[in-house]
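Report on the structure given below.
Labels run A, B, C, D and E following the written order; every chain starts at residue 1.
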């Protein structure tokens, strides 16, 4: 069965252990800022998994936008709203138990499904090592603009012809982001209290 | 490196040792870099302020001063403030330190077929910018965890500043990527071979200007010089690391010097030709791969010295600015970012695109000479495809000896890239 | 579960199933977080975890190393992951704006307080 | 200022509020009663020909001969003087106003003498009067926030008074 | 005139009813606690809970909106105190889940209502335009501002934060403590706290003869010791009606103006430090060291000189000192251009100081400011020209112009850097600029004084006898010291020991302006404003 450790598996186990560990820590920790920190660690190790799966463009994207942008936003949110509470926002014990039981059941179900289906089983070691290292940025860039590089050797003709690039969704997302930008700014804007609106006593 | 060792050691040990050597080199680079910079900063600030700086500590120019600092920091007591969130307080410096060290993973020190790089990530620029963004977490946690109003002020200021300066920084970094045609730092470095006229900074006026915008944003994103709001001692006592002392404080400082070094390394590779010196000395002395490994190795070492030299020059300029200019106010810092840096970066980016569109592949100094030689760079993809396609089949059937691995990989890389570009051009013609 | 022998796990390459297993754990942690947390920002973090679990599956199916050449999703996997990441950022922005408004009116971010619609 | 003519002019305008003047001294001064102080100051400040818009200093002097031998020879009764030094930016001339108040209101030790506050006319008086209150124990009525400025908030006694004894200890620190 | 009548029927207020329910509930809960808990925690908890309702009621009964709002805020304070005691009870397991639920529902409903109630006081019944309610003595700088309904609430209702800047803060020039009420970065209220360096020098002045008190004047403005000595000596000479010889007067001009240069150098360097640039501070001290060496030759001390004394000076200038002094001025003049390049005309410095902390001339006069702070606001007043006879006698015959922006421009006797268009008269930049120009003015004065001193004949002014009997009477004199007008007030009863020795400090009045200048500015502006006032705590606290 192959000679010696197959390194990608070792790193996969390492990163997934980190990701799941910190994800569980997020669920169980009570202090909001600690939750945010564990989430950062969990998402960073997921980015590691992306690198492992050969998608370093998406990994770098995750690090930059998701962890660098979204979570900083979240931490700003935590800072703006963190306040001394009279009683800790503790969910009563009962709900915890129900939650955990359903959670474990769901995980077991998904794992059973994952490991049973034959198509998703790992390929042989020789085959894995034969896969060539290819640049990942250029195909994604081209796919976003006008060509589907990866479908070049698609066997049947119709499929290859029919493959359209991701230009349209790319434009839609950019417009969508603009709309969200304005919407969020409008929602959280400075409340200008007009002189007439007198708050009742 | 790992393949080279695989001939002598069992495979997994080879990877382990190669990894250890890489990490060792990087940690040394940053640690020694920090040591040198602390001493350099004292000397430069001394010279600027018409005094000598350390002279007597260990030897002639007081070069042991940093060691003395280090010992002092080691012996200082690491105290944790009472109300602090213990766990986050302890972890914060290490998060910020790891973030600034991780940036060195993808930075090459010498190019060519076997680049001197820890991990040849082909989205190098993107990876470095992403990791630099993570350093802000260390600061936020430090600010929040030390439970004092002043550190919270400092942390929030720094977070706002670094996050908002990532936008113009990214915009400026995209121009060299566009000119060199790839996110891979090694390719960007290799495009700038030969005379200094090939440097991307002289590629066209827009890129020249965007270099200065890049340098300002870089100084701001590592919190130096006029933008060092986070540890503005006149207002916030010492900003987010008020409560830190001893070793933890030194980690923050190593992180700051590390990210300053990595940002100037990036500047030197993206704009100032990286390992290609102003004059093509390696070609003149014949130190290229053509005549033997030893010559090639010396050529590479010259390249490494070149890169680090330029980076140290960049850091010296940052120090020089720091000791002359007063500090900006937080809203002025934000205003410069949003009102000046981002529009300027966008404008120069459009300028570079216009230049690239009208005179593809022509540099400012290359306007006079015939464009042939430069043309090859962009066309390199196509003829490589022709070469790769026919000689690829026989090669694939050879045995999977480890030694031939790199050349095949590079050819393959060219293949997919070239194929992609060809399709792009065909579609374009088809589309028009 | 015959194939799942821990002994040779380290020597055999990892398949899509293993990625999906990790994705499942992340997904469930996200759902639990959304369900159990009373702090609005905790719910937001739960949503991030759920999206991340989904992303992992996309990447797993699109990766060449896991399915060998040319079987899986090819380029669609990573591209979908990109769109998920970008849209998650937008979603977080809007969600945060809502939470801040909630905080403005209720002096606290405890979602149990949002019981205005109850009868 | 122009000596006796000015004093008579004031007397004619404010009648018995002006109780006296001393023109022989190096800095001649005019004595005013506590009740009339506000009116006189407002007049001095607003009158264009005088225009005393700059208040140099408000201070108080405690006249009490503590050692019995000299007390007999002293030619003054124990009293307190609140001294105002005024200056005019336009005419570049200066004036000294004095208010004679008893050391304790109704001679009951512990009740501070009261003088109306001129903080309304000159903003600088706010801090100067707080210093007088802090060090010499003169209560300025209608002062925006009359509390100690130099000594700690909970300090007992008024240090610059002649009959002041240093407290034996303050928060555990030995005084004498 | 509409008298805003506060609602007296507080019983109908929901806020009040909630407070009542809270108080009774805590009473019922604390009733069954054990003896120990009841004695310690119970008493405090009930007192706090009752005081919430009590304060709301008292606020309504007070009749004026200001008091009503103040008592409502005290009620909010005691609500938070109740929360504190409940947390303690909770952590000591004195409350069971049911009780917590009840308490929490009341408190979580009471808190926002109380805030809304506080905001609504004084607004529901009156509309700002027609409201002429008299809120107590309308003094020009009343500290309790009426809540203007048009105030724009920031996007997130961040609650106020009290921040202590000092007394051991690096940028407050010594032991000054500023208590800032900040909302995020914007400072809404600054209250300076003084007295940390109070040594009661005036009490000691009542036990020493005037000449023995000279060293105490050194330690008031310790950056310009010579000018302090000069001020006290002139006051005593005014009382003695003594005229020092002509040579002594020119000696005093040389020493005083050199002291001014040294003090302004420190002011400039420290201001650069406040704004973050470190190098000007070292350049300034390099030059100041040379002046201190010169002073050391004259009187042996570098900081607390006690050189100028009643009657003249303790000793004459040593031989060759004047040539050294001229040599220093020679090499110092071109360096000033460097300081201008480093700070005055530096665009970031201008950004940080122009238009910040603007003070109108009327406000400057009203607050009794003096020196560069007064002249920075355009008030043409300098005691060396407009002071009392005995002081201006020292400077008569000297050609010098007062550094102030008169009808649009500064004096043109030297080539000075231009005023940037962003700078508004009376802002931090102008105060700094006036100080820099005064250094050049002092150089001219010292040069003229050196020529006059060398030609004048006669003694340098022998100091008077140590225990000389002072004539009965009093004298007050102000001199133009570097930071402003330093006044000394000497009352004597005929014996050799003064009856009262008072020092009127210029920085004391200059500092009193901070709370008005810093209202609504950013935190980073506070060191800029306080630095531009160039205060020294020794002089303020005396």
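The definition used in the following text is that a residue touches a chain if its C-beta (ideal position, glycine included) is under 8 Å from a C-beta of that chain, and two chains touch if they have at least 3 such contacts.
Owing to the predicted nature of the structure, the values given are computational and were not obtained by experimental measurement.
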Touch-network distance, subunit A to subunit C, counted in steps: 1
Chains linked by the largest number of contacting C-beta pairs: A-C
Identity of the most central chain, Cα criterion: E
Where subunit A and subunit B are represented by their mean Cα positions, the distance between them in whole Å: 26
Chain centre separation (subunit B, subunit E; CA means) in Å: 48
Between subunit E and subunit D, distance of the C-alpha-averaged centres to the nearest whole Å: 23
Centre-of-Cα separation between subunit C and subunit B, whole angstrom: 32
Overlap residues in subunit A, where contacts from two or more other chains coincide: 4-5, 57, 61, 69, 71, 76, 80-81, 134, 136, 139, 149, 188, 191
Residues of subunit C touching at least two other chains: 100, 103-104, 107-108
Residues of subunit B engaged with two or more neighbouring chains: none
Of subunit E, residues touching subunit D in the complex: 137, 139-143, 194-195, 198, 200, 202-203, 238-239, 241, 363, 365-368, 379, 381, 386, 388, 473-476, 478, 485, 487, 489, 491, 499-500, 502, 504, 508-509, 512, 541-542
Residues of subunit A defined as touching subunit C within the complex: 1-2, 4-6, 8-10, 12-13, 16, 19-20, 23-24, 26-27, 32, 35-36, 39, 42-43, 46, 49-50, 53-55, 57-58, 61-62, 65-66, 69-71, 73-74, 76-78, 80-81, 83, 85, 89-91, 95-96, 99-100, 103, 106-107, 110-112, 114-115, 117, 119-125, 127-128, 131, 134, 136, 139-140, 143-144, 148-151, 153, 166, 169, 173, 176-177, 180-181, 183-185, 187-188, 191
Contact set on subunit E toward subunit B in their complex: 161, 163, 169-171, 185, 272-279, 282-283, 286, 342-343, 346, 348-349, 351-352, 522-527
Touching residues on subunit B, where the partner in the complex is subunit E: 45, 48-51, 149-150, 153, 226, 228-229, 232-237, 323-332
Subunit E residues touching subunit C - in the complex, by the definition given at the top: 108, 111-112, 115, 155-157
